[in-house]
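Two complexes are shown next, each including chain A; its partner changes from chain B in the first to chain C in the second.
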Partner chain A sequence: MYCEYIPVSPLPAPCIRASNDNKEKCPETEKTTVRIGILLKQGPYNHQASDTAYKFAEAAIRKGHTVEAVFLYNDGVINATRLMDPPRDDRNIAARWSELNNRHGVEILACIAASKRRGISEDIMIKGSAICGLGALTELAVRCDRLLTFGD
Partner chain B sequence: MTLHTINKSPFESRILETCLRFTQEGDPILFIENGVYAVQSRSRFSPLLESIRLSNPVYALQPDLAARGITEILDGIKTVDYEGFVDLVETYKVNNWL
Partner chain C sequence: MEKTETARKKVLHVMRHAPHGTVYTYEGLEMILMMAAFELDLTVVFIGDGVYALKKEQDTGGIGIKGYAKTFGALRDYDVEKLYVDRVSLEERGLAPDDLVIGAQVLESREIGKLMDGQDVIIHH
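Right, the complex of A and B next:
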């Protein structure tokens, strides 16, 4: 099961492209838009990475760019547990990612090997998230114009 | 040109020095998270930052400066919010130094 591979979505042709020269213009606003992928490698509440990644994604979407997916790796997979229950006056990091998926179609992908090691399985994951293999990260890097890493 | 982001304080990590060995003239450098401590004025790293600024545009993420109570930063360092961060990412390829 460790090499289980769930494809994210069909690749646009051609599959392999230079990763910084396909900025597109939005037909309505004439603004340049980029496709962004995010790699998140730290757990929630113990490092600022989850918050920086979320705020960056939010701002990118607000500016009309596409955030294709957030790939959770290492302790980052803990971002996807729906068991977290922070105090009411604090942000719920997992729910925030789920909301991003629901509203803007951002895929929340958790690495299977990292998830299995940390007890993260599909039955305790937030709505809109999925478990996948590292191949999905490669695919994300290929199909996005930019891949940003947040972590320690 | 490539945007380099630094997320660690120069007091805790040598990643800024490592990054500088790879930056080309003109590459923008953006300090985020604890990295913003680098742009404080009158610190041990001020002379280094002053010299970087001569060849590279230097930015710092304003919300992270505010979160750390840093109000006095070196001259010539531009502050950006998250939208400014997005603009830099749109303009340049990105290398996130961790």
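Right, the complex of A and C next:
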């Protein structure tokens, strides 16, 4: 489960960047899709960031964009614990991330230093998530068209 | 064109919180130090209460938290040399550049906006 780096994939062709300068270079028929990385800095339930990030990822995927990974930092790492057990009529935020991984291959990555501080370890993490070094976030930021941060 | 595509990505870290009330600035510093090991064009800007992170002579003994202002001062040793402070944020808090642990360049808000505009990635802390 532990991964130090995510393999770097080649940079996308310039024409798929969602920038006005490049629009005319794109053939009319080609769909403009964006590769997205998400940085989530807040814990679940306490703050809207987990919900907003999830809703954003869902909407982006529905529109045909690629969400490569959600990187959990600060209290965001708490999103990945499978020990959470909310009332049955509420959403289970951790299970929802796991489902996003299962259905769409979105990697759920928790920073190792932030996780260690908060008692999050691989044996209590949701299926489809992994503990990573900050190198993984760096790689994500470099290879995606956009890195979006959710949290205060 | 090919040259710009292979050029180092420009990553800006924005420090916005006072240093000890939340963990954002400390974990932000950890992230900056980590990213310094990669081939990136790193910049750090301090705005709002973020400027307090650089205040000289902080004594955290009484609150049982490890101080880390000096680590910001050592960022240059990690080749992170572009450090900027917002002038208005400093003045609003009664601080002068001499009160800071590093010789960060003071910028106007407008210039910080331009700086942000030129980045590939912006991470706020």
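Note that in this section the second predicted complex is superposed on the first by the 122 of 152 C-alpha atoms of A that agree within 3 Å, B and C clash if a C-alpha of one lies under 4 Å from a C-alpha of the other, contacts with A are read in each partner's own complex, and residues count from 1 in each chain.
As a working rule, a residue touches a chain if its C-beta (ideal position, glycine included) is under 8 Å from a C-beta of that chain, and two chains touch if they have at least 3 such contacts.
Note that the structure is a prediction, hence the values are computed from the model and not measured.
Student: One more residue to check, A:Ile93. First (chain B), second (chain C), both or neither?
Tutor: In the superposition, A:Ile93 touches no partner, neither chain B nor chain C.
Student: What is the contact status of A:Ala141 with respect to chain B (first) and chain C (second): first, second, both, or neither?
Tutor: Only chain C is touched by A:Ala141; chain B is not.
Student: State whether chain B or chain C is in contact with more residues of chain A in the superposed arrangement.
Tutor: Touching more of chain A: B.
Student: Please indicate which partner A:Tyr73 is in contact with in the superposed arrangement: first for chain B, second for chain C, both, or neither.
Tutor: Second partner only.
Student: Between chain B and chain C, whom does A:Gly133 touch in the aligned arrangement: first, second, both, or neither?
Tutor: In the superposed model, A:Gly133 contacts chain C only, not chain B.
Student: What is the contact status of A:Thr149 with respect to chain B (first) and chain C (second): first, second, both, or neither?
Tutor: both
Student: In the overlaid three-chain picture, which partner chain does A:Ala114 touch, first (chain B) or second (chain C), both, or neither?
Tutor: second
Student: Classify the contacts of A:Gln48 with the two partner chains as first (chain B alone), second (chain C alone), both, or neither.
Tutor: first
Student: Pick out the shared contact residues on chain A: the ones touching chain B in one complex and chain C in the other.
Tutor: In the superposed arrangement, which is not itself an observed complex, chain A uses residues 41, 147, 149, 152 for both chain B and chain C.
Student: Name, in rising order, each residue of chain B that touches chain A in their complex.
Tutor: Per the touch definition, chain B meets chain A at residues 7, 32-34, 63-64, 81-83, 85-87, 89-90, 93-94, 96, 98.
Student: Residues of chain C touching chain A in their complex?
Tutor: Going through chain C, the ones touching chain A are 1, 5, 9, 11, 23-24, 27, 30-31, 34-35, 37-38, 40, 120-124.
Student: Which residues of chain A touch chain B in their complex?
Tutor: Going through chain A, the ones touching chain B are 19-20, 23, 32, 34, 36, 41, 48-49, 52, 55-56, 58-60, 62-63, 65, 146-152.
Student: In the complex, go through chain A and note every residue touching chain C.
Tutor: Against chain C, chain A makes touches at 11, 14, 39, 41, 73-74, 113-114, 133-135, 137-138, 141-142, 147, 149, 152.
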